[in-house]
Amino acid sequence: MIGKKIDAIRLGDKAEFGKTVSESDVYLYAGLTGDLNPAHVNEEYAKKTFFKTRIVHGMLSAGFISTIFGTKLPGPGTIYLRQVIEFAAPVYIGDTITASVEVVGINVEKNRVTFKTLCVNQEGKEVLAGEAVVSPPKDAKN
Amino acid sequence: MIGKKIDAIRLGDKAEFGKTVSESDVYLYAGLTGDLNPAHVNEEYAKKTFFKTRIVHGMLSAGFISTIFGTKLPGPGTIYLRQVIEFAAPVYIGDTITASVEVVGINVEKNRVTFKTLCVNQEGKEVLAGEAVVSPPKDAKN
Amino acid sequence: MIGKKIDAIRLGDKAEFGKTVSESDVYLYAGLTGDLNPAHVNEEYAKKTFFKTRIVHGMLSAGFISTIFGTKLPGPGTIYLRQVIEFAAPVYIGDTITASVEVVGINVEKNRVTFKTLCVNQEGKEVLAGEAVVSPPKDAKN
Amino acid sequence: MIGKKIDAIRLGDKAEFGKTVSESDVYLYAGLTGDLNPAHVNEEYAKKTFFKTRIVHGMLSAGFISTIFGTKLPGPGTIYLRQVIEFAAPVYIGDTITASVEVVGINVEKNRVTFKTLCVNQEGKEVLAGEAVVSPPKDAKN
């Protein structure tokens, strides 16, 4: 249970995680965060909005990027330092979101790796873009 | 169920949301996102890390900022465009996190408001910093 | 984080909260309360009942009234004293319930406010009626 | 899966249901209902209140009474018509609540049974009192 150290990481390395976002995901997330914005949990309200139906909390998709850092690349032991998120398009209940990260910068001295981060839906449409900086694990007990 | 329009928003306007983060919050969030990083859900692993115990997903605290935008300031009808997050310090299970936002920029022409965003723990220690851009509701059906 | 004190409350003041009730809401509520009545969680059983499908626990809708008192009107610091509930019609999974409260009595001496309470579905049909008595917050630390 | 019909119900019949209310129960209930009143989910806020710590949503305990009607007495097929609730004392996280109901009135003609309803904590202290009216199942397919 230890992720990749910085000397095992290369520019262009990629990883991804995908999930179909269910209504129960949205409702539980609303409950955890307290974000019961009617755009997320009130279909009658949502019908009258620009989006015509309930949409998923953007920050829930952002969580899938964290999932990759913490479990895949670099993996356990990684410290998450910075995330820039651009919410590019709405996510709807039932959409399948694929989050992906790609190494675009490596600073060995500071033990920091910069990633391009992205979430797309089942049609390949970009719903979330951005960039992240993480500190990969330094040793087995980091 | 409609938030503040841009002409009702002033520089310096603030809002906040606070919650004690429970173990069940962390576990449900892990399940929703798939981020079962042992640092969050494996106490035996976590004991041997720098933090000595399980820590809360940083992105869960980030969600509290979204809660403010969607339910308080500007409120329902707001479109979340951009969020920069600096993860400043770990959050532990049982910490009480207070998220707050403050208006630092208003662009009436583009209908965009920039906020300073912050999360502190029960000791006032900054755990998450950053900046956000949102588009407040334009009319009752936005 | 402090609600309205009694001298800021007027006869006729109103507040509401709405949510589309999901299957996951019903199942989680069943789990929390232990009310696994087949009318709520067994579709095969429910098909043969008068209602022809699973119905939502009436007391879950009643909870939305409490949400208003605790978060909107009067808001944090309110003490809930009494609630009379008339279950007027079934709520089905997927219904959007709007709970609302209206001030119908104010007793400044006893610091008590009486509300008419109501839940309607997306067609405006009354599903729950009743009356509540609460004690609004007295000071910032109540 | 069919409860007792009215002719099998006697004055004085009793049933009960008990549960230790966990922090996760309170947090999930807050999420389901949207009642993130800080008195329930913010320990730092709650410390400064009269109760000195987070309290459980009163309406969650009320749900245990519904559990008895729907699963024990009269049981499946019962239609819940009316509930009067007096919130008598706070419930704290970790308290064990025993809900009980006792038949105090039977109207065979209208097929209605009136119950005294009660919730006590582990010290026998009454936390919730009240009265309910239900319509027991009439036949196997009600």
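To keep things simple, chains are lettered A, B, C and D as they appear, and every chain counts its residues starting from 1.
Rule of thumb we're sticking to: a residue touches a chain if its C-beta (ideal position, glycine included) is under 8 Å from a C-beta of that chain, and two chains touch if they have at least 3 such contacts.
As the structure is a computational prediction, the values presented were derived from the model and not from experiment.
Q: If you average the CA coordinates per chain, which chain's centre is most distant from that of subunit A?
A: The most distant chain relative to subunit A turns out to be D.
Q: Determine how many degrees of rotation, between 0 and 180 and to the nearest 5, align the Cα atoms of subunit B with the equivalent atoms in subunit D.
A: About 115 degrees, rounded to the nearest 5.
Q: Hey, how far is the Cα centre of subunit A from the one of subunit C, in Å?
A: Inter-chain centre distance comes to 35 Å.
Q: Determine the centre-to-centre distance between subunit A and subunit D, using the mean Cα coordinates as centres, and give it in whole Å.
A: The separation of the two C-alpha centroids amounts to 41 Å.
Q: For subunit B versus subunit C, what separation do you get between their C-alpha means, in angstrom?
A: Computed value for the inter-centroid distance: 28 Å.
Q: Among the residues of subunit B, which ones contact at least 2 other chains?
A: Answer for subunit B, listing residues that touch two or more other chains: 1, 18-19, 25.
Q: Under the touch definition given earlier, write down the residues of subunit C that touch subunit D in their complex.
A: So the residues of subunit C in touch with subunit D come to 1, 17, 19, 25, 28-29, 32-40, 42, 45, 48-50, 57-60, 62-67, 70-71, 76-77, 79-87, 141-142.
Q: For a test of understanding, state which residues of subunit D touch subunit A in their complex under the given definition.
A: Per the touch definition, subunit D meets subunit A at residues 27-28, 30-32, 34, 36, 41.
Q: State the interface residues of subunit A toward subunit C in the complex, per the touch definition above.
A: Its residues touching subunit C are 22-24, 27-28, 36, 38, 41-45, 54.
Q: State the interface residues of subunit C toward subunit A in the complex, per the touch definition above.
A: Going by the criterion above, the answer is residues 18-20, 22-25, 94, 96, 98, 122.
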